[in-house]
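Next come two complexes, and both contain chain A; in the first it sits with chain B, in the second with chain C.
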Partner chain A sequence: MHIPDGLISPQTYLPALAVAVPLWVVAGRKLQARLGDEMLPRLAVFTALALLLSTLMLPLPGGTSGHAVGVGLLALIFGPWIAFMAYSLVLLLQAVVVGAGGITALPVNALAMGFVGAWVTVALYRSLRRLGEAPAVVIAVWFAVMVSALLLALVLGLQPSIAQSPDGSPRFFPFGPAITVPALLLPHAFIGAGEAALTLLVFRHARKRRWLEAPR
Partner chain B sequence: MKHRAWGCAWLCAVVAVTLVHDPTWLGGGLAAVLLVSSHGRAALLRRAFLAVLPVLLLISIGYLVMGWITETLAWSYLLLLNLRVLLLALLTSWMVRDVDLDRALHGFPGARHWLSIVRSQVTVFRRLATEYRAAVQSRSTVPPTLGQRYRAGATLGLAALDKAMYNSQALTQGMRSRGALDD
Partner chain C sequence: MHRPASRIHAPPSVIGALVGVSLSVLLPAGANAHAVLHELVDGEAVIVRFSFPGPEQPVFEPYEVFAPGSETPFQTGRVNARGEVSFRPDRPGAWRVRLFTADGHGAIVELEVDAAGTVAVAQGGHGHGHDYWLRVLAALGYLCGAFGLLVIWRRRRTHAGTA
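Right after this comes the complex of A and B.
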């Protein structure tokens, strides 16, 4: 779902960078405090898994692409701060190794998918746990995918209003929210369902293997 | 040091490109990058073009249709968008080809370690997926049903996860025992 380079304006990505940097610092400190010889390989393996999930891309109408995200899985296993950090690394690697996504769009993508996605997953999972593990994981992950998609759709949809030429033509992304919101939310309703099922499968396996690192 | 400097130069160039809104300058930038990227520039351009083609096609066709309906078509915008996105993709492809991330991260041992494990696990996952596909194809002359593929994929995925975890722990212990993580 993430936005490639060249579609969002500096008026958007520079403020997003200003918000993301302090959050990366906090997440980095939390990661440093918990990182040990047991956690590091686990985190690396799940980061690699999230990277693989997010490289299987499908172009979507409206200018972005659809794929599983993997941040819900990271959040349920390691907690929201570490998931945010790990997913930011996934986005960075996609930008500088695979050449997908983008470096200027990184703060926006990291905030919408990594930060908001992780926190929505964990908050919903904790509040819905009394319904049972499976419904809590599935609802939390699906909802987190939808919230992240909505945020990215709004960011893209605001571009024609934020950055315009003197003649009124757009300078970056050309479509408004009336197009971007349905164009991203409809496919992600299905992508989110697939991701929720996949997350439940891996989450149960991780719990059986005692790999869960997040405070319960 | 050289790789880190090139990495920083790429970062500055990418930001600069998003500040330029004149197709002539962007076209000139594209030509300049192709000129100085030395041998293999055709492959570089092809890689960048293929990476952004689906997105550019979707946006350009969508914009053309919308502009035709609302009669507000701006050809200069289409040129601007396509040139900018292609130039950014070209810069990134060039950086991916010529900058060694491992060397660029010299001085950050934690980040290098994490990066090396992630890269090695991606390779392991990809190899396992290829082996799985080959195994499925070699065992049956009839293609598996969608349900069979999902079930087999889930089983293999979890087995691959166990294997990756084992490999990763062994790698970390090996690095620890050789003092590579003593920062």
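Right after this comes the complex of A and C.
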């Protein structure tokens, strides 16, 4: 669900950059404070897993395809700040090397998927833990994927009314929210379910191995 | 005996109709409305094929083609069933093709068209799906390298602190 370059207006990505930069500074400080010899290789492995998950295209009903996000697992194991930082690195590499997403869209993608995705996952997991670990992880990850998809759908859907040519035609993304919201939410309902199941499997393994670094 | 030359006598309504038809031929082409004519044109077109990293391609998704230096589309439409856009540039320069999908995917491809109408250089977008996984592998390599640098930086800082 990465937004590529050229689809969103400067009126959107410049304010997003102004919000994202201080959050990256805070996340960088939190990461520096918690970096340890054991944590660093684990963080590298799980960040690589998130990169792979978010590049693996899955065929979906209707002839389209989509990919998982991967930030929920990072958030459950390392906490939301470090997950945000690591996922921003994933998005940067995807934009520069892989060709998914974009540089101008990086702040928007990082805020919607990295920051909001990580915080929604952790907040929901903590509040639902009394229901049991499995439902808490599954609901938290699925809901986080849907919230990120909704945010990006709204950002895209607002573009026709934010930036227009002199003749009134959209200068950037042409579809309104009536099209973008179902176009993103419907596929991500399936993607989120798959990602939630995979996250639960890996999270249980990580807990048994005592790899969890996030404050409980 | 002199016989007078024969004359055609036509009623005034017929003469009026003939004058009207003659005048309509002389009118500018724009006034000859309501007829859509066609001809087959022999020529070459630029074809851009879009695809997703997997086996799918965007089908019937909207696109825009912009001529060099223009913000008004030269051509708009929807890609065909093979994910292709084809157009005939009418001038050399940097042409842009923009593609959007409703779920927020898209691409902007810049094509440098020469005076002969052929594409000299293509920029933007990313190569076809064949090298996608090579790029993912490269990204994984950069990621491992970045964390490796972080480990080296931490060790040096620790050593500097204990020395």
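Here is the rule we go by: the second predicted complex is superposed on the first by the 208 of 216 C-alpha atoms of A that agree within 3 Å, B and C clash if a C-alpha of one lies under 4 Å from a C-alpha of the other, contacts with A are read in each partner's own complex, and residues count from 1 in each chain.
Just so it is clear, a residue touches a chain if its C-beta (ideal position, glycine included) is under 8 Å from a C-beta of that chain, and two chains touch if they have at least 3 such contacts.
Since this is a predicted model, take the numbers as computed values, not measurements.
Three-chain overlay on chain A, with chain B and chain C in a clash. By the touch criterion defined above, A:Thr121 reaches neither chain B nor chain C. Contacts of A:Thr12 after superposition on the shared chain: neither chain B nor chain C is touched. In the superposition on chain A, contact is made by A:Leu184 with chain C only, not with chain B. Contacts of A:Ala48 after superposition on the shared chain: both chain B and chain C are touched.
Looking at the shared chain after the overlay, A:Phe175 reaches both chain B and chain C. In the superposed model, A:Asn109 makes contact with neither chain B nor chain C.
Residue contacts after overlaying the shared chain place A:Leu152 against chain C, while chain B stays out of touching range.
In the superposed model, A:Leu201 lies in contact with chain B only, and not with chain C. Of the two partner chains placed by superposition, only chain C is touched by A:Gln94; chain B is not. For chain B, the stretch among 76-84, 94-102, 130-138 or 148-156 that collides with chain C in the superposed model is 76-84. In the three-chain superposition model, chain A touches both chain B and chain C at residues 4-7, 35, 37, 40-41, 43-44, 47-48, 51-52, 59, 63-65, 89, 93, 97-100, 165, 167, 171, 173-175, 179. Taken in their complex, chain C has these residues touching chain A: 52-56, 59, 62, 71-72, 98, 100-108, 125-126, 132, 135-136, 138-140, 142-144, 146-147, 150-151, 154.
Interface of chain A with chain B (complex): residues 4-7, 9-10, 13, 32, 35, 37-38, 40-45, 47-49, 51-52, 59-65, 89, 93, 95-100, 102-104, 165, 167, 169-175, 179, 201-202, 205, 209, 211. Note for the complex: chain A touches chain C at residues 1, 3-7, 35, 37, 40-41, 43-44, 47-48, 51-52, 55, 57, 59, 63-66, 89-90, 93-94, 97-100, 152-153, 156, 165, 167, 171, 173-175, 179-180, 183-184, 187.
Contact residues on chain B toward chain A in their complex (touch as defined above): 11, 14-15, 17-19, 21, 47-48, 51-52, 54-55, 58-59, 62-63, 66, 72, 74, 76-77, 80-81, 84-85, 87-89, 92-93, 95-96, 99, 101, 110, 113-115, 117-119, 121-122, 125-126, 154, 157-158, 161-162, 164-165, 168-169, 171-173, 176, 181.
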